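There are two complexes below, and they share chain A, which is joined by chain B in the first and by chain C in the second.
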Partner chain A sequence: MPDTSLSGQPLKADTFDRSFQVAEMSNWRISPELSAGLKQSLSNTTVDQERPDNEREFLAYVTRPIPKYTRHKIAAILRPRQLWEGTVVECQNGSFVARVIDRTEPSNTDELVTFELDEVSPEDKKLVQPGASFYWTIGVERSPAGQIQNIDRVMFRRLPGWRASSVRDAEREAGSIAELLFSE
Partner chain B sequence: MPEHTPEFSGSVIVLVGSFNPAIFQPEWFARNGLLPQGEVDSAELQVIHPHLCQFETESFTFQITTDRFTAATKPNTIAGPLQDLILGTFYVLEHTPVQAMGMNRVLHFAMESEEAWHRLGDKLAPKEPWNDILKGRPGMRNLDILTQRESPKGSSLTVKVQPSLLIQPGVYFEINDHYAASGSAGLKSMMEILRNQWETSQKKGEEIARHILEWAAA
Partner chain C sequence: MTLATPPNLDEFEVSVFGPGRGECILVHLGYNEWCMIDSCVGRGRSLPAAVEYLKELGQAALEGVLLVLATHWHDDHIGGIADSLREFTNAQFACSTALGHRQFLTLVQLQGKSLQGDSGVDEFGEILKILQERKQQGLRPAKVAPILAIQDRLLLRRSQGERAFPAAVTALSPSDATVKMALRKIASLMPRPDQPQRRITNRPPNEASVVLLIEVGNRRALFGADLEHSGLIGEGWLAILNSSQTAQPAQVFKVPHHGSPNAHCSDVWEKLLEPDPIAILTPFTSGKGLPQEKDLARLRSMTSNLYCTAQARAKLPKRSDKIVEKKLKNRTRIAIDGTLGQVRLRWSATDATAVPQIEVFNGAFKV
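And then the complex of A and B:
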């Protein structure tokens, strides 16, 4: 059975001081052949003359020392408190109105909320149009220095547009259903 | 009883199949409108090689090899954008051969005391069989529990429990919600599952971890 798990946390001491995501990634498995090659290259100080040049070059590259600034980079940690999913209903001058669904407490009723465009990142502003959907998170962020701040983040969803072929397929399927329903 | 809240949590999607790592460079994600250009410009490239592509952006980390595509959220960020990213990526690469998909949830919980931490390990893996033969204090290092589901065929759920390496005393849970693709519509079926099951799967992962923590504390 193909394995789609992560096989746990890294168990090497040198990953302790890295940020969570880098530590996690260091244990993600690459293919058995590469993994075996990496393990061998890390534990074996002799040069394997039998190993092809391209593989040796590759192993040398992936096992190169990581610069210190990378190893010790620790990002700010966000703790989300509440999450809503919103859909833009109407765009106004400098603001937009959205219907938001509470994803943290789904029993809460949907609400209409007005957002200032300033709350949206410059790159997401072009996505603000009726029908666009976004995540709205409220939480607490802890900086690497331990500072705590309340944050409120609006993040527009980046979903690919419909391909012409997909639209044609959908129209064809709708046509067949309509034919079936209204044939009599 | 207070509700257990993870100190660190993350979501990871793993696809097993056939991939071309050289495609998956940060710029490719921006060109296809899947990541903001600013996030791509500040991406940290770790390895770009025909056999392996590894980089991280503000929101995600990626590792792609010829047989495995792995994308993860940064810690404690919301899981929805990762689902969007993978659905978008494989909408663009619609002919990618995929054999299996794992929707993973990783959680690190702080334990209230070392005693409570040992109690959890002792309840999950009783030490009676070991105490007579092993010297010292045997402890649980890793526990995997697998359950095969009848439907969809080839799907399973694995829960891994380990002492947390980030929090001491703390416990690490890794929940792997695994689906096997069948036939030629492998990618399509996996994306359908991802679209419909992602949120439920992520919530189920937390529910399992909380259940075990509450059971151990009782």
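And then the complex of A and C:
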């Protein structure tokens, strides 16, 4: 049994996503006029799987519908406009300074940026130490319910702790190197 | 004279590059023999600045590098130093005695196992790999083993019998006392079991930096690295001033620690340098930035020949996305890496009456 649109017409594969969103909107009991308008506007939109270059395509991308078969598995969809990788350099009272590397446009200069500790989620605050690594994202997040939100988020990486065996291995390797290179 | 014109065989050259990712000094010792001090890579460039420059001068210049020295392990000094050493197949590696210690080697090996990379310690890890490869290729141990620099140690010498004028590279630091202090600080960086992995950030010891005196014929240059002036006997610049080694004053000075007041020592200008020396500095574009205006005023009072490779403040990049730009407006941000400039000094090593030729490239300027 093929999927059908609201009007009952069979869906082409490439219009499945767009029609799904309209159907989803209809379930929220929005007016038939708005539903029709959305259907019209979305049917004129190209959804690109690559990161889009311009604002119109970007918005189309983040508002694209979630296919039915994956929807229940996804908590939220985050589309970064800009992504940095940061390393904490200095902790101050209520804030911290980090060196950030632009991962969206790597040719940009690195920057030192000051963040407020309140921008970090409570469970991540204990991770804020010199040398700790995080991702800083400015972008758009779509909730499972379809709400769109501009976000500016700092998420710390939870790297594994050092094992005693790793430290022992490093000491042994250092001994071999010292023997090889520094003993003569 | 263009950038790609090689120096004459009897010409002493000092080229200072910075800031980029790191900073770098190339010294022509005469007869197409070179020494590289620290390393830097320009933003968006794949090759270290010294490699790019020497390639411009020709293959012979690349093969003429005899010594690659890391003054200390901080990221703002040794970006791309491992890549440089790989290119300079005839070069020996030198570093502070503190960095040849087993504790630092352990830190380097541990960092190699970390999921967190991209620090000065990783550059050292790459260097150790290159040296091990060279050893396995059968190079003479004396050519492979790193030269460990400590106060008053001669690192390289070309005597007058081999050529028309001598050349020597001598380490003036670190002193014994500062090596011990540096080792204590390195020990404090060693992670404990179960401690989360973190990147090793730039923190002291600057005091274990290697200061060099390079003498080529009639010319002498003092390279200050990041050595600080603590005012304590046996440490920093006082350890050098109180050394029994009596060197003739230098005519060229690489200003230490980006012109920071914590590296300034008036006695260095009075006792180790000739009056009105040629002074070159590289800016540090992080934090409040160095040199500050008052630092430049202080340095200008010491010499009328002050050159800087770039402006201390780099421009923040503009993002094409308007929403991103709007969000960033509320942030306190400082651009770290600026334009990589070059100050080049060329001076006859044999003609005592010759005047130095100083050129500036890519945004470098006379202060």
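The rule is simple: the second predicted complex is superposed on the first by the 103 of 184 C-alpha atoms of A that agree within 3 Å, B and C clash if a C-alpha of one lies under 4 Å from a C-alpha of the other, contacts with A are read in each partner's own complex, and residues count from 1 in each chain.
In the analysis below, a residue touches a chain if its C-beta (ideal position, glycine included) is under 8 Å from a C-beta of that chain, and two chains touch if they have at least 3 such contacts.
Source: prediction; values computed, not measured.
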After the superposition on A, what does A:Asn108 contact: first (chain B), second (chain C), both or neither? second
Once the structures are superposed on A, label A:Leu159 by its partner contacts, choosing first (chain B), second (chain C), both or neither. both
Applying the touch criterion given at the start, work out whether A:Glu123 contacts chain B, chain C, both or neither, answering first, second, both or neither. first
If you stack the two complexes on chain A, which partner ends up touching A:Tyr135: first (chain B), second (chain C), both, or neither? first
Partner chain(s) touched by A:Leu180 [first = chain B, second = chain C, both, neither]: second
Looking at the overlay, what does A:Gln82 touch: chain B (first), chain C (second), both, or neither? second
After lining up the shared chain so the two structures overlap, which partner does A:Asp169 touch, if you call chain B first and chain C second: first, second, both or neither? second
Which residues would you name on chain A as touching chain B in one complex and chain C in the other? 158-161
Residues of chain C that touch chain A when the two form their complex: 43-44, 100, 102, 105-110, 112-116, 128, 131-132, 135, 141-142, 144-146, 148, 190-203, 286-287, 314-317, 319, 321-324, 327-328, 331-338
Listed in rising order, chain B residues that touch chain A in their complex are 8, 10, 12, 14-16, 32-39, 44, 46-47, 49, 51-52, 54, 56, 61, 63, 65-68, 70, 72, 74-78, 80-81, 84-85, 87-88, 91-92, 99-102, 104, 106, 142, 154, 156, 158, 160, 162, 164-166, 172, 174, 176, 178-180
Chain A residues within the chain C interface of the complex: 55, 81-82, 87-89, 99, 102, 105-114, 127, 129-133, 138, 150, 152, 158-164, 166-167, 169-171, 173-175, 177-178, 180-182, 184
Complex contacts: residues of chain A adjacent to chain B: 1-6, 8-11, 15-16, 19-25, 28-31, 34, 58, 61-62, 66, 70, 75, 77-80, 83, 85, 121-124, 135, 137, 155, 157-161
